[in-house]
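There are structures below to look over.
Here subunit A shows up in two complexes: once beside subunit B, once beside subunit C.
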Partner chain A sequence: MARWGAFICDGTEVDAGSLAGEEVVVTTTLPPQPRELVCKLIGIWTRFDLDGGILIGAVPELVEQGLKESFRQAGLDPFRLVLVDLRGRDAVGKDREIKAALARARHLEPVAWTKAKAQQRVLIIGGGAAGLQTALGLRKLGLPVVIVEQEQNLGGRLTKLDGLCPWDEDPQGWIRSALEVLQRDSEVEILSASKPLALKGQVGDFTLEVQSPAGPITRRGGAVVLALGSTVRWPQSSGLEPGPHVVGLTRLDELTPIRLHYKKVAFLLDVDGLGSRLGTLSALRSALRIKDNWGSEVHILCRNLKVDGKPLESMYRKARDRGVVFFKYEELPRATEQREKILLQFKDPDLDNVVVDEAYDLIVLEEEILPAGEDLGRAWGVLQPANVHLYPVETNRKGIYMVGGCRDEMDFPGVIQDGTIAAGEIGALLGQGVLIYEEDRVRVETEKCVFCLTCVRLCPHQAAEIDLVKEAAFINPAACQACGMCAADCPAQAIDYKAYDNEGILAQLEMGGR
Partner chain B sequence: MRIVVFCCENSAYQAARQVKLPAELDLIRLPCGGRVEVLHMLRAFEEGADGVLVLTCQEDNCQSLHGSARARNRVDYAREILQEIGMDPERLQWHPVTSNMGPRFQKIVADMIEGLKASA
Partner chain C sequence: MKASALVIGGGPAGLGAALKLAGAGIKVYLVEKEGAVGGWGARYVCKATDSCQQCSACLIPKKIQEVYQHPLVEILTNTQVVDVEGEPGSFQVRLQRDQTLDPTLCNACGRCLEACPKAAVDLLNPWAVSYRIDKERCKVYSGEDCDLCARACPTGAINFHRPGASWDLSVQLVVAAIGHEPFDARRKYRLGYGRFPRVITGLELEEALNRIEGTDIFGDGWRPLDVAFIQCVGSRDVQEGADYCSRVCCKYALRLAGLLRHREPATKATFYYMDIQTGGKGFPEIYRQARDDFEFMRGIPARIDGGDRLKLHFDGVSGEGFANREHDLVVLSVGIAPSANTAEMARLLTLNRDEHGFLKGREGIYVAGTAGGPRDISESLAHGMETAAKAIIKLEGREG
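Our next item is the complex of A and B:
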């Protein structure tokens, strides 16, 4: 006979007598303060050696999470505590909720917990600013790192930007000092001119195969950070080709040595209608520097400026004060080459659509910024969709993170922020060197599995694996995020999800009906 | 009038807790919309439900990426079964509800009750 406890939060108008039954060995009222509530609950649970319990009251999500975590730390199974939230219910509704919870509770099975040793080393793929900042953050937390960079030198795109770098900060200086710190550190391994080949394993124990100049090598780590940066694409629809008078915004600084030729410069933004905040920021900063350094006449042509918030807005105003001229266009300007100049012809809707003809010595074209390394992410089953649950740096796979330009277009401060956040999250995950997870919450019954691989294909967290020895699917408990999709879709009904099994769900339906 | 609502605990279940609920409403809490099966929906009718709702996240905001979409597809499938056996498919509906959409949750339930009363 199972031993149950009924816990009623203070202030919940529930008659404790109605809960009395053979199985309920203790009924008690809990104080409203979360801390005291948890202490009393766990104290009584342990003293009466309960098999399970129901907690009745208003339990907001955060309290629920804290409660479950406390249970785990006390060595108890949080899935054996059924929460009954009565907010918004009248007397009849309360009764239904409690009955349904009791029905569900009777079907709960204990869930076993595992403490598994986890690798603490972190594998960072990409040695640009995002990767370096993640490494710095992780070293502060005491975790060793491996940085894999496919180029000879670390630093990524930032090292190639020169005097016209679009940020106030000194990114090259930042890169230099970051590298100084990291290169001196014996717990940092830098593999440059190396290409990641394959990734195996799951959170806590990944194995990365790397093609290094010395041949293929492998490294193990508990987490993986993808800091692959971004690439740019030339906007074909502009009708312009890179040449002596046309240059991409990200390559503008390469022209610094021959700057004196350009008396009149136009920035052409937003060509494909895909213009970005980063492009606007970069154009404004570059326009100001061209004004200061070259003394040229500068025009900025755009569909709409992407100014979000005060820093960009004030930069826009500053540019106007310094004499930068802004034009808007709806139809893409027509470009023709004319005696060492490029002639742009366009209509500005704010100027009553009068046709504007201007000849420029240099056109700076905003390229489209795209995340790099998408094929690598795809090969490893890693997605970073714009999803609130994963925002900002998590991915669909536990223990794999995406930072910087490969997840979203961002400026230097954004990249630094990303790296810091990822380091913090990984520190929380691997800091103790152990992973705690439910071992058998979602489990494949090997004898029922027909090896159809439905779960392997559909698992959004890449937790369903193939066990060739048993010829059955296997849900990796460390990687499983317990959504239950596999249990719902398994054609052979071979997957059992303990906390939300069919019996428990159907018992709730039966209870309400009678 | 019994309404059974299958809720994703990340969204619709949170929304439900912000508003007053009709007495004869049963909330079935699920870890993700993707956990709901056709069996569950049909069994709810078997157990006397007048209407069944499957309320999950917005499709782009599902913690399990495509759990919400799968729930919607299964509801579509179950509605075909209802049609085939001569039941009004409107008695089973899927809607996306985010965790801060208490009033929307309330409205979906109220609309369903009203629709059921009208067709009774």
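Our next item is the complex of A and C:
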């Protein structure tokens, strides 16, 4: 018979006698501070060699999750700690809650823990600033890396921009010295002009197939970092086409270093109403370049100027002081071609909505910025769900991270921040060389499985796999995050989720618990 | 690794830094001057309507709970850093703690609050694990005699005669996460804050909506139905030395308006603005919805007066519809200003400040969160994590 402890908080006015006859160890004085509480519980747990315990008292959810996490860290099974929240219950209610919890507790089975060796190498896909910073951080923590870059040269978009804005550190200089460090390092393998093909495996042991110039090769690693950057799309709704008098903001960087004779230039930002801060940043920096290099008159037209980033507001003021003129529009300006010029017609609400007519030699259009590699993400089942509780670089899949421009609109300092965080997270994950996970918290009962593969489709963490030999689904314990989605939706009820198995819940309900 | 770190400030940035440092086996002293950790964000309301609006307010209780459970984080509330000496890799720090209310004895039963005639003992935020004494309201701190709370406390947690404690620590690194101050709206005299009760700040609206379920924000039965949000109060303002955008106020204002409307569908809202900042994950959708639901007027009032109906006056904005603008509640979207004790901390830690007054780090002393400039909750948390990762890489790093 399993040994159970009942921990009753002071002030809950529960009669320990109601537990008489149960196979339990009862303790009543518990410290109010969560941390001391945990120490005390764990102490009793190990001293009496308990198999499980029930904590009775005022246990808001906040405390519950924390307790379970501490148990996990102490090597005890958090799912065998059953909490009974008695707030707002009368005497009868309290008694019922406690009996119900005991009933459920009795159905809990122990979970086994497994240690698995983890690969130390980290597979980084994309050699822009984000990928490079991740690599530098990981190297300092002693982990070897592979960088897969589709282009011949590393460095990404920042190497292609002209006249960057004044960060504490010059991004292009930074990239050069980062590359120098990495290229000298024998534990860094750089695969350029290479594309990833397929990814298999799970946290601790991924296998990546790469199409390299020398043919297909594979690399193994314990974690994967997607640092794919962003792409741009021409805003069709603008009604403008690229041509001699119309260019995209990203193309402009190729032109600004050359001396050109456009007398009057307009930046048309925010075309779809959702322009990005990178567009404003780029426009401000290019506007100043154009003033310097071409001596042109420059107008910037937008709906909302995006100034919510460190140097933007002061760059905006600087541009104004330098004579750049800003217009606001609500309705997209009407463009007509007119003898080697483009005429823009619009109403500025700040100017009493009078119609402004201006003819420009060059229109620079803000493109839409999109995360790159959505195809890869889809193929590998990697996404960054809109969940504020995920740490910034985490994804739905354990051991796969997303950094830089492929996860959000990000400037250089943001990219460096992301790379550093990812290196820290991966260092903590793989640094010990072993992964510890619960062996069979969630398990498919092969004989009940009808092979409908609902779980394979539903699992948000790609942990449900297909076992062709047994013709049944199989839950990969290393990838499983015990969210319970599969167990809830399996039509054959073939998935056994240990903390929440049906019998335990039925027993609890029978006793009148919540 | 047997390293230790001092984290100053228990807001999202300090919590993020503390958790990640402790996760790497570093002993962390998390020093918080107030009676509870969480920072400003712990007072904000969940802005979910039918769905989560991703405001991140709920991140904070989760992180508070995680640091409380972490065996390597020692949380020191009511504590201040009074002296720092030494160099990167070896700092000697002197801490001072006010021990009038001993948080390790307090079990938050609330009897002190019942006993206090001034309501000067309270929970700083909904996640506080112990009560705190608000020195501005408590009679003892203005020289009067009173010990009603101390006598009511069953555990002896409150004792006005208990001396403060002062002690020294050695740490390898310091994280300054001292946060920010919401811009003081009184400085904008002409906007009527402090003079008209129905001119409130975004912070006050956050707190009010967090306290109540509906929209009876003053607790007197009156509900605002026609609300004006004034953007950029104390931001993008050269006169205030704040020629920066605070990044968070467009977002919280739009979300708060959405929440008001969700709780009371008859609520109308108008935004007076220069530029709305629409960037950030998930926000474009919120902005698009807001454009459908609310009115947007490009122009910031120069003056506000009136009584139950507030009149907005505009200078130099002559566009259509700006005459006779009236609303029954005005919310000033106050921005992020450097924390009041920034100068003091800069001196103590020998740190420089940027052109707007925010702290800049140096070797061995890292600056995280809004202490270093405007950021939202998740960005502050991420910044704290980055700080921790940088420090760990430095400590474990082969390149020293």
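FYI, the second predicted complex is superposed on the first by the 429 of 514 C-alpha atoms of A that agree within 3 Å, B and C clash if a C-alpha of one lies under 4 Å from a C-alpha of the other, contacts with A are read in each partner's own complex, and residues count from 1 in each chain.
We take it that a contact is a pair of C-beta atoms (placed from the backbone, for glycine too) under 8 Å apart; a residue touches a chain by one contact, two chains touch by 3 or more.
Predicted, not measured: the structure shown is a model, and the values here were computed from it.
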Fill in: Contacts of A:120 with subunit B and subunit C, given as first, second, both or neither
neither
Discussion item. Between subunit B and subunit C, whom does A:38 touch in the aligned arrangement: first, second, both, or neither?
Written reply: second
Discussion item. Is A:386 touching anything from subunit B or subunit C once the two structures are fitted on A? First, second, both or neither.
Written reply: both
Worksheet item: Looking at the overlay, what does A:238 touch: subunit B (first), subunit C (second), both, or neither?
Response: neither
Discussion item. Applying the document's definition of touch, where does A:488 land relative to subunit B and subunit C: first, second, both, or neither?
Written reply: first
Practice prompt. Could you let me know whether more residues of subunit A are touched by subunit B or by subunit C?
Written response: C
Practice prompt. With the two complexes superposed on chain A, say which partner A:85 touches: subunit B (first), subunit C (second), both, or neither.
Written response: first
Item to complete: Could you say whether A:133 touches subunit B, subunit C, both of them, or neither, answering first, second, both or neither?
Response: neither
Practice prompt. Figure out whether A:141 sits in contact with subunit B (first) or subunit C (second), or with both, or with neither.
Written response: second
Item to complete: Mind working out whether A:296 is in touch with subunit B, subunit C, both or neither, as first, second, both or neither?
Response: neither
Worksheet entry | Contacts on subunit A seen with subunit B and repeated with subunit C across the two complexes | 386, 388-389
Response to the item:
As the complex stands, subunit B meets subunit A at residues 2, 4, 10, 14, 16-28, 30-32, 34-37, 39-40, 43-44, 47-49, 60-67, 70, 74
Worksheet item: In the complex formed with subunit C, which residues of subunit A make contact?
Response: 10-11, 32-36, 38-39, 62-63, 65-67, 69-70, 73, 137, 140-142, 273-277, 304-310, 312-314, 317, 328, 349-350, 352-353, 386, 388-389, 391-392, 408-409, 417, 420-421, 423-425, 427-428
Discussion item. Touching residues of subunit C toward subunit A in the complex: what are they?
Written reply: 20, 23-24, 52, 54-56, 58-59, 61-62, 64-66, 68-71, 103-104, 106-109, 127, 129, 236, 238, 243-247, 250, 275-282, 284, 287-288, 298, 317-320, 373-374, 378, 381-383, 385-386, 388-390, 392-393, 396-399
Worksheet item: For subunit A, which residues are in contact with subunit B within the complex?
Response: 58, 60-61, 85, 87-93, 96-97, 100, 383, 385-390, 396, 458, 460-461, 481-485, 487-489, 497, 499-500, 502, 505-506, 508-510, 512-513
